[in-house]
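Could you have a look at this structure, given as structure tokens, before my questions?
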Amino acid sequence: MKYPFKADFRVAFRDVDLHNVLHHSNYFYYCEKGRVELLRSVNLPYKKIMEMGIGLMLVECKLKFIAPVKFDDILNMHMGTDKMGKSSFKILYSIEVDGKIVSEGYTHHVCVNLKSNKPTRLPENLFAKLNSFQIQEND
Amino acid sequence: MKYPFKADFRVAFRDVDLHNVLHHSNYFYYCEKGRVELLRSVNLPYKKIMEMGIGLMLVECKLKFIAPVKFDDILNMHMGTDKMGKSSFKILYSIEVDGKIVSEGYTHHVCVNLKSNKPTRLPENLFAKLNSFQIQEND
Amino acid sequence: MKYPFKADFRVAFRDVDLHNVLHHSNYFYYCEKGRVELLRSVNLPYKKIMEMGIGLMLVECKLKFIAPVKFDDILNMHMGTDKMGKSSFKILYSIEVDGKIVSEGYTHHVCVNLKSNKPTRLPENLFAKLNSFQIQEND
Amino acid sequence: MKYPFKADFRVAFRDVDLHNVLHHSNYFYYCEKGRVELLRSVNLPYKKIMEMGIGLMLVECKLKFIAPVKFDDILNMHMGTDKMGKSSFKILYSIEVDGKIVSEGYTHHVCVNLKSNKPTRLPENLFAKLNSFQIQEND
């Protein structure tokens, strides 16, 4: 698969566990940092999205842990969107360290009106931007 | 489904996000606390398991977020084991707040020799104990 | 010193670092859990305080780390209030594991109006309750 | 005071609390990231220091919170060393957002032999490098 966006993060000391392995819960922390950068790259920082009264709430998330990640490793996070709907979408992640895939998975989001806490359509602009990051299957 | 084990946890202030919703990554924190209590309940605290040279590493995890959880809510976490293998197993979670299911999912674990970092058979005692928590399908 | 309140917490797996030592930042997580229980014990859960439009914001915090704390240790957290002012106060902590002091310090709070973000007087009831936890110097 | 080192970090979504304020415990997370970059800048990454059998354990930490920090703010962290001893030292932090000081404080470290868990002299090279970051008082 071809991931249209990439962000790099260095693993912080607190985020590994006593086995010196990035704690599984903290992969999601880095994935979130990746999403924030993906949105910023198209001039839609999540802060601005929230100011529009909208949240991109998670309804599901899944990750496979393929190889251990250690303190101070650099995560090369490849990302793209999938299953674009009117009010929901997935983000797919493929995380590499030193050219080797260490983790893969997705987060599934629903666009929510922050006042009513109810699902709402993705604003046109945001939909178009997310759509532009759609994952391409390889030939 | 019938979950043979239950543990209760109160949601801490730091663990919710700016929407006052338990952050998705932190559900896994509470699931881990649940696993630790499940193992302790059969006299196999994870500390003791590690002293045996064994780690129960995650190879996959998945959660659905069905309803928001807020600061100070009490999580009633129902748990059980599934897909018991010689060196791997799943733990399933069904989390309720005030009698309503808020999250469901699983963590998939492989038993690893902490010296070699390679998969190894679950010690007989540990296998038997985990097996005793097997999820029962409802009739 | 005599601390009028005590709460007990077990150290979670994620909260220790690769040295298997409770990460310094996470002591503050447990201190916060302690404050939340102190307030609950006098029927003023922090959730209710926030619903009154008030936050107890930190303006300073300090901890000494006297002996290492490990995964699965039980923290016996002794607490009390100090320097009670009209709109500010300190909470002092003395944390023990197995009868041995492992950490001591304080958090310094200011009562803030959550709408204006400005300091405001502690509500009378809250002041009285916090005052009742005042630390007593030993003779 | 003149701080010889600076590192910049963007505040992640998970690190703020329900008031949209960087949680006090998480300032220490960013300070740690700053220390790691300070050491890396003189070719002594903390990973390498640990491989030498040495840890720079915290014995005390303190921070003042002067102005709130929000999600997505950029922390400009100014740092330097102080109280250089044979086996201990302080790191001082002055954190700014948009040119305004938001937090100040320190962490106090002791050099520890990771095998014996006992204090030990700072290796000459590490002492010299830390010493080169000494804070200068203004005239």
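Every chain is named by a letter (A, B, C and D) in the order it is written, and numbering of its residues begins at 1.
Convention: a residue touches a chain if its C-beta (ideal position, glycine included) is under 8 Å from a C-beta of that chain, and two chains touch if they have at least 3 such contacts.
This is a predicted model, so every value here is computed, not measured.
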How would you label the subunit A and subunit B contact, same or different, if same means the shared numbers make up over half of all numbers there?
same
Can you check which chain pair, B-C or A-C, has more C-beta pairs in contact?
B-C
Rounded to the nearest whole Å, what is the centre-to-centre distance of subunit A and subunit B, using the mean of the C-alpha atoms as each centre?
24
Can you work out the whole-Å distance between the CA centroids of subunit B and subunit C?
29
Measure off the straight-line distance from the CA centroid of subunit A to the CA centroid of subunit C, and report it in whole Å.
35
Specify, in ascending order, the residues of subunit C that touch 2 or more different other chains.
13-14, 19, 25, 29, 32, 71
Per the touch rule, the subunit A residues reaching subunit B in their complex are 19, 21, 24-26, 28-29, 32, 55, 57-66, 68, 107, 114, 117
Residue ranges of subunit B touching subunit C (in the complex, touch as defined):
12-14, 29, 32-33, 36, 45-47, 71-72
Seen from subunit C, its contact residues with subunit A in the complex are 13-14, 16-20, 23, 25, 71
